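For reference, the structure I am asking about is given below.
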Amino acid sequence: MRREVPLTIVFICGAFMAFQYFVPHYASATVYEYALNWTTIISIFTLAVGIGSLVNLHSDRIARRKPTWRYSIVTLAALAFMTILGVSSPDALSNPTGLFMKVYFYILSPVQATMFALLAFFIASAAYRAFRAKTLLATLLLLSAVIVMLGRVWVGDMLTGWLPEGLRFSYVANYILDFPNTAAKQAIYIGVGLGVAGTTLKIILGIERTWLGGGK
Amino acid sequence: MGPILKRFFLDLSFPLLIFSVLIVKPCVAVDRKPTIKDPESPGDYVFRYKTLAPDPGPPGRLIAADAPNDAGGTIIVSWGKAPGDNGIFDTVKGYIVYRSEAPDTGFSMLTRLPAGSGSYSDASPENGRSYYYRVASIYADDTLMAAETAGAIPRTQFFHTRRILVLLFMLFFSGAAIFLISHSKKGGDLYIRPIAGIDAVDEAIGRATEMGRPILFVPGLGEASRVATIAAFTILGRVARKVAEYQTRIIVPNYDPVVMTICQEVVKEAYAAAGRPEAFDVKDVYFVTQDQFPYTASVNGTMLRERPATNFYMGMFYAESLILAETGFVAGSIQIAGTDQLIQIPFFIASCDYTLMGEELYAASAYLSREPQQLGTLKAQDWGKVAAILLTGAGIIAYLFSRGAGDALKAWVIGG
Amino acid sequence: MTVAAFLTLCIFSFLYRDNPFYTFAEHLIVGISAGYWVAILYHTSLTDLWIEPLVASVRDFGNPGGSMIARGGMIVVNIMPGLIGLLMFSRFFKKTSWISRWPIAFYLGVSAGVALPLFLQSFVIRQVAANMINPVGVARNMAADLTVLVNYGNSTLLFWQGLGQIIIVLGCICGLAYFYFSAEHKGILGGAAKIGIWILMIGFGATFGYTVMARISLLIGRFNFLMDWIAAIGDYFKV
Amino acid sequence: MYGGFWQKVADLDRRWIYLVIGLATFIPVLTYIRVPVSITSEVSAVYDKLDSLPRGTVVMVPMEFGPSTMAELQPMATAVLRHCFSRDLKVISTALQIEGVILVEQVLRETAMEYSKNYGVDYVFLGYKPSPDMVILNMGENFRNSFPRDYYGIELDSLSMMNGISNYSNTACIVNINATSGVDYWINYANGRYGADLALGVTAVIATDYYAFLHSGQIFGLMGGLKGAAEYERLIGRPRDIANRAMTSVSVAHVFIILFIIIGNAAFFANRRKDRS
């Protein structure tokens, strides 16, 4: 019951959806549309559960006075504040002067943006301290990277502007992107496509069961 | 530069950066003009030779047909462009599509389309009934009716004829995978070539023993169900076993609590298998935090404190990959990485001694674990690759015979 | 605005070292973004996808016309996904957590089923089709360009384009050879795999170069923001 | 003494590097020097396609980016929308990444205002629904399956623009501006299953991966990161916009990063030689 039912559901849904692709008949199309719709609705609840676990995690931290429990209060308070703000007013999402939008633009958005902006510093530091042409392969990689970086900006053309077009950085960079890069990515995508097919097949057939988690 | 000056600059660099802006900002003449609305849209430089425009006329040949390979309920109406509708003369304003259920009377307007359109798919009919269409071109002031009428009956289809190759390929691949997995389960031997990175593992552990330093294994940021994480468990098992044999120490900091539990099991089992269960210290496989950058900071701290001889990065990695690899490099460790995150692979290659790229990670895991389902799928994927190469070759050979044969084969492969 | 700038600086402070300001900003954001999710899901998804069709079908049940079974069936069809979704919450209770596998099974089954043929089609078959090049046409273009080069001393670059086509086809095959695990890399296969890994490295190099550009762009975005903030403060003091 | 110098170079505190790269990026932001930008064919393919469509044609511009990637994709989105609106194309948009919904709404609303376009007549914003793969598939059947109401809670049937528009086949093309791995779904599902004409505007990080799909004809155009945005701004005749201004910083920072790689490697090899001898 605990394992058989989910495995049966996966098999029926998976096999039907896989073969539906080849059967355009309206009966099959109707079932397909409902299945898609149901899945979207179920995923709303999946996200809700995610938020539920977040609350669980932080209230647990507070209850047990874990080292960072004071910060957990901040998290929960912010969650409650934003939820009330967003759900209570019907035009929270469309009123640009409302408090909800203000919190989004002045707190949420800048912080998320800045978190990623840190990466520029990290990449510079790693360029200096760790990216080494130790092997032939690493050398090839770094050379290709340098050409593409120069070819994408005007400095590259400034350096090589006197050469015939076929030897300028921008042309060579485009050439690398258009041809060897395409070949590499194609090989990888064929591998990825087969890999995904293998994994989904194992899920549908019930061979791959890690998603069931532990327990019986 | 004196140490005091250096400290001063380092500690103040960011405040200074911000402060410098406050000062520099007013001094630099800045062009902060707001963006100006374009009165005329750019790109609209078409000269209009209105005087030379041809006489108004009805649209060209009208065709109505049931849309192929669908659930029915759709008719595709297409027509030739009316005189003057070619993007140079701006005389045609658009088209009106009319529909009726009788061939010559009762037409009502269905939709109005802009100039330049040549077809419309009407998705409102019911299956099995006849529908008739007319299309009129609209000119600047008057409307011209098209004389022609075309009709069609929408129908539903049972099989999508342009997807045969996908079906064949899917059946071939699934069949191969199922066959190979069951073959392997029955004890059949499936050959996987040794992966170069695996040999590097033993060597690296040997070196750690010589130097008397520990080994660090980072299982990535993925959940326990991700393929890459599962592969990481297999490799961790191998590494831990060697570590137990060589009597060194292994440290495994975790990002995900579930992953941590599994890692503890894996390492414990490996120690038991090596005959030294008492040497396993559960505190060396620990949970850090589930926040990306704090986790990274903590692992970095471990690297600098413990100075591990070898770092393994196996599993899912995101932006933190380069921070980890950089710190490990500076700490002088041998580094072996493996991930299926394409974007992070270059960083690992540039800063690690050995990198298992994408599928290599899965292959390494299948090679080590000898698990039928991993081996079988990997083999089936190999067969798929051979099929892909053969198909490419068939296409090129078809072109050598004649251009028509090549084009036909290519169109069939692309399908719809 | 100033709050935003303050938080930006809190995050940048992580560059110096891990500190309470950074931790504070991080926890604040986790909470706010979760609350933001609740609001978005509530306003844009739950009501119009589930509740409204359900209410409509219940209302229709009272109306005459159509068979009772069809109208009743519509209610079932509309109520089911929500009920299945609600089962997800069973995972918060230890005893019933196994029920939450049912909705996951449905979700996983549907998405795996849809993905199976489509990934094979888009990632494998379409890529193979792209590599079915016309060797005669490519050779003709390259020869034409060489003729121009010999006779007039300037190239139309068509030769290089043609060569590129060949690089793609052979490079892709060699790349696949590198990821072929069923035989040892010796002889022809070994040679192909070696070329394959070089091609892969050039491809990864391109990704590397682009990633650098992406990261720098994000930093520029932040600096532009700080500039706006400074400009805004300037305006404030002026007024 | 010489070896000692290289040792010092190799051991340089990372905060110095942070400072250098910070300034290298920041000072050009202040100066507003403009640098030339070369136009690539994959970007002009997008421009040409949109430029060739007759006025009044419906196009789809789904935008999936959040605050963390807006620095790259917002300029691109703005440029594409400006092009659409200036040519009187009608735009349907969605935002299938939850963090970015409000951001996308703002970009759309403000650009539309700039060209005095009316909501529901000239453009429609469908908003967000969870699980992008299912939503993209569902929209291939009918927009109303996924979005019975638009972002503002208005029923789609009451919007005049959506009259007779049921799915991708009624739109001329899709220009997907995307920072997530959801791009694969647009390729696999919107193009693969429903045959929609697709172009991509993606972050530079993932841009190189999609050249393969350009080659196979699954997408007709590709814009990568700020460079792609800067090219598009040039193509629509606005070379003074934000992405072009940023290209100066990008140029300088690239040069510095390349210098870092070279100096770092020089130090590495010099030290290694010293270790050996």
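Should a chain be cited, it is by its letter among A, B, C and D, assigned in written order, with residues numbered from 1 in that chain.
The rule we apply is simple: a contact is a pair of C-beta atoms (placed from the backbone, for glycine too) under 8 Å apart; a residue touches a chain by one contact, two chains touch by 3 or more.
This structure is a prediction, so every number in the text was calculated from the model and none was measured.
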Skim through the chains and flag the pair connected by the most C-beta pairs in contact.
-> A-C
If you take the mean of the Cα atoms for each chain, which one ends up farthest from chain C?
-> D
Distance-wise, how many Å sit between the C-alpha centres of chain A and chain D, to the nearest whole number?
-> 15
Express in whole angstrom the distance between the two chain centres, defined as the mean CA positions of chain A and chain B.
-> 10
CA centroid of chain C to CA centroid of chain D, Å = 12
The positions of chain B in contact with two or more other chains are 14, 21, 25, 163, 166-167, 170, 173, 293, 342-343, 346-347, 349-350, 358-359, 384-385, 388
Overlap residues in chain A, where contacts from two or more other chains coincide | 18, 21-22, 29, 36-37, 39-40, 43-44, 46-47, 93, 104-105, 108-113, 115-123, 125, 127, 129-132, 137-138, 141-142, 145-146, 149, 152, 177-178, 181-182, 185-186, 188-192, 194, 197, 201, 211
Where in chain C do residues touch two or more other chains at once?
-> 12, 14-16, 23, 26, 33, 36-37, 40-41, 43-45, 49, 110-111, 114-124, 126-131, 168-169, 172-173, 176, 179, 200-201, 203-208, 210-213, 216, 218-219, 221-222, 227
State the interface residues of chain B toward chain A in the complex, per the touch definition above.
-> 69-73, 127, 156-160, 163, 166-167, 170, 173-174, 177-178, 181, 224-225, 227, 230, 293, 319, 322-323, 325-326, 329-330, 342, 346-347, 349-351, 353, 358-359, 362, 373, 377, 380-381, 384-385, 388
Which of the residues in chain A come into contact with chain C in the complex?
-> 2, 5-7, 9-18, 20-22, 34-49, 51-52, 54, 56, 68, 71-72, 74-83, 85-87, 90, 92-93, 100, 103-123, 127, 137-138, 140-149, 152, 164-166, 171, 175-194, 196-197, 200-201, 203-204, 211-213, 215
Going by the contact rule at the top, pick out the chain C residues touching chain D in the complex.
-> 15-16, 33, 36-37, 40-41, 43-45, 48-49, 52-53, 110-111, 114-115, 118-119, 121-123, 126-127, 129-130, 168, 203, 206-207, 210-214, 216-224, 227
Hey, which residues of chain A end up touching chain B in the complex?
-> 18, 21-26, 28-30, 115-116, 118-119, 122-123, 125-126, 129-132, 134, 137-138, 141-142, 145, 188, 190-192, 194-195, 197-199, 201-202, 205, 207-208, 210-211
For chain D, which residues are in contact with chain B within the complex?
-> 13, 15-16, 18-19, 22-23, 26, 30-32, 47, 51-57, 83, 86-88, 114-115, 163-164, 166-167, 169-170, 195, 205-206, 209, 235-238, 240-241
